[in-house]
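Here the chain labels run A, B and C in written order, and each chain numbers its own residues starting at 1.
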Amino acid sequence: MRKLEEQIMKALMLLASAIIMLILGFILWKIISKGLPSLNWDMVTKTPSGGFYLGKEGGILNAIMGSLMLITCSVVISILLSLPVALYINFILHRKSRASGIIRFAFDIMFGIPSIVYGAFGFMVMMYLGLQASLLGGIIAVSLLIMPIMVRSIDEVAGQVPRELLEATLSLGATRYEMVKIAARQITPGITTAILLSVGRGIGDAATVMLTAGFTDSIPTSLLQPAATLPLAIFFQLSSPVEEVQNRAYSSALILTIIILILSFTTRYISRKMSGSKI
Amino acid sequence: MLGITVFGLLVLLVISVGLLYKSMPVIKEQSLYDLLFTSSWKPSKDHFGFLTFILSTLRVTFIAILIAVPLSLLSAIYLSEYASERTKKMLSPGIDLLSGIPPVIYGVWGTLVVVPWISDHLAPHFVDFSTGYSVLAGGIVLAIMIIPLIISIIIEVFAAVPQELREVSLSVGATKWQTIKRVLLLKSLPGVLAAVILAISRAFGETIAVLMVCGNFTEIPKSVFDACYPLPALIANNYGEMMSLPNYESALMFAALLLFVIIILFNAGSRLILNHITQRYQL
Amino acid sequence: METNLYSYQFRTESDAVPQRSAPIKLTKLSFPLLRVIDLNVSIQDKQILKDINLQIPEKSITCIIGPSGCGKTTLLRSLNRLHDDNADINITGSVLVDNEDIYGKNVEVTHIRKKMGLLAQRPTVLPMSIFENVAYGPRIHGIRDKRKLYGIVKNQLEAVGLWEEVKDRLKSPAIRLSIGQQQRLCLARGLAVSPEIILGDEATSALDPIATTKIEQLFVSLKKEYSIVLVTHTLRQARRIADYVAFMYMGELIEFGSATEIFTNPKHQLTRDYIGGSFS
């Protein structure tokens, strides 16, 4: 009886795992097989020329550059905001104190807020400041989106810093501020992982930039110009009735996937190195 | 540091106040009840009923969770308790990797594969006609999008359960499955629930992946093969025109406020329940 | 090394607390309940246990002693087949319980484990009530009748002397008990599936002296019905309660004999040095 139940459950588990793996493999394969034929050097080195959306010459360099600029600025801003928060709730306040708990809870809630809400909020702020859809607007929205992600993942690694280490530094006569600096150095690899994680999330998100960054065929030269982004490039090209443009959507999707895969491998590599070297 | 922390918390406050302020016109014009529980959507006549969008969002999320949770739970149990080290080493990077793939990619796959499959193969068995762009398509794409997320969290939760606890159960002669059912799942209940909550939040607010496959049709779907129009898609599709009509902007901001409030209430509520369970049963 | 300072102090205060009964004659060994034959255990390529041959006498306490890392715990876990899930661990040889090889081909592992109650180093209570902890085993084996379960729980809690202390709060989470009470609860949980053998892996190392005494007294009283195998690395504990002692060193079984033999007249030089405290 018990054996039978176990066998049935095990079969179900295997089946579930197989279904999941097959579908996920299928997705990758589909993106690759659809995207590869139209993938060429022009795609990543040229901006759209006239008639690009009718199937003429050009590439999506505008979107690649737009996404990269956007994510770079957003990550810099949000690391400046989230690192202090994570350090504050872990090392200045006691990690398990009530105040820390409340702050952590607030950021957990922000973590759950849909990206479209950040997009709408960013849009609202832009209107308030009298801005058009622009790189700056996108940066504001994406920074807000990834800030809670960073707080959360830095908070996680910060919890692993041994208390003895901190107490030892304090007992040597270091000030609290100096102690925090030492703690921050301890969690540097964790911070790197947090950054890569947020880059992955930020670069792939369409909803925030849709409302805030706009779309353009040229590479932005100032913060106040609109910027194209990869997810939107995929989305718009896919909506086109022209087959060649649709095919480009697939190869754009492939490019985005490749960027994400590189990020993901780097993250894994770093976290493996991290677990190897203590902490 | 305190200053920046306070700033971070203020963001939360500013978002809620800002969205509320922006949606005041439409709330004032129509009653809250009217907004939430009627379904006529006539921006040109200045009437906004959100019922269609609310129901669409709920249905798509429900289907996604219905598909994703059992599959991910079973698979997570397999990967963490039964699979050999080699299988684990092969599959877990794959899962991690896939949880990082952006929604738009899942959307592309949805339009390429799920939509035609529903339209050509599945729907004809049940209804006369379906374009494939439907509640079901949205649910499936979302489910597949959140599966890697749920699996990777649950595997972590299982790994945190002390090995001794499993051994205790095994040592009185329980089978592995009995151990999983009665000890592992009990002990990791709060963690598993937290994973599901996160998955629901993610599915609930997902925009682009759903937008691409759900048809965006302003009518309450009668079956899962009908098109639907979730809240995030509404905002994303119409933000461009929102200046053109009176109160349209306000109505869309209300949609954002709605998402925001539901997510916050849901997260806060479930957190309270989780804490209660953990305390009460000392898990 | 977690040499137990507490138990040392405790010893000097009240020397004779758990009485050791006179060693049983070796002739009883003719039908041992548990026999280990040519047991070899290796993790990856490192051999942990080498050709262990051991016979555990019935209804008595056998202590396995030896320095840390000598393979005591590995041996104990092999008896309960707890290494099954680790693909890196390779086991050859056989372990006979009631003349049945637990590493045999058609043996069901749950059946084997039911015959042995395991007491871990630190008390590991299941995340349930006190009642459910003890009732866990019987439930696993299909007992559903409420009254029957209650009877089992009461009996076993009485057997470990916990009944009077907890009878009014059977429904409260087991984790709220003191650590000593938890360990006795774990013992009761093990006994509830009516095993023949009790395996203890340094079962008192996390406890204070008073709780340790209680557990030791329990072992002494339980040996009337059960065969008890304890891994310990406090020699004093072995002296207090063992009937038989197995001394292990570097994965090998160096010497086995009655407690008096081992402690008063060990045959092997290594045993003599260990008992004498030259190394630990």
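Criterion: contacts are C-beta pairs under 8 Å (C-beta built on N, C-alpha and C of every residue); 3 or more make two chains touch, one makes a residue touch a chain.
Model, not experiment: these values are computed from the prediction.
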| said: So, comparing C-alpha centroids, which chain is the farthest one from chain A? | reply: C
| message | Looking only at C-beta pairs that count as contacts, which pair of chains has more of them, B-C or A-B? | response | A-B
| query | For chain A and chain C, what's the span in angstrom between their mean Cα positions? | reply | 52
| task | Averaged over CA atoms, how far is the centre of chain B from the centre of chain C? Could you give it in whole Å? | result | 50
| field | Euclidean distance of C-alpha centroids - chain A vs chain B, Å | value | 18
| query | On chain C, where are the residues touching two or more other chains? | reply | 110
| field | Contacts with two or more other chains, residues of chain B listed in rising order | value | 175, 178
| request: Could you tell me which residues belong to chain A and also touch two or more other chains? | output: 2
| Footprint of chain B on chain C - complex, ascending | 80, 82, 87-88, 110-114, 116-118, 120, 122, 124, 126-128, 136-137, 140-141, 173, 175-176, 186, 189-190, 192-193
| said: Under the definition above, what is the set of chain B residues touching chain C in their complex? | reply: 84-85, 162, 164-165, 167-175, 178, 182-183, 186-187, 281-283
| request: Would you tell me which residues of chain A are touching chain B in their complex? | output: 2-3, 5-6, 9-10, 12-17, 19-21, 23-24, 26-27, 30-31, 34, 81-82, 84-85, 87-89, 92, 103, 105-110, 112-117, 119-121, 123-125, 144, 147, 151, 180, 197, 200-201, 203-207, 210-211, 231, 234-235, 238, 249-250, 253, 256-257, 260-261, 263-265, 268
| note | In the complex, chain B touches chain A at residues 1-2, 4-5, 7-9, 11-12, 15, 18-19, 22, 70-72, 74-75, 77-79, 82, 91, 93-94, 96-98, 100-109, 111-113, 144, 147-148, 151, 175-178, 198, 201-202, 204-208, 212, 232, 235-236, 239, 252-253, 256, 259-260, 263-264, 267-268, 271
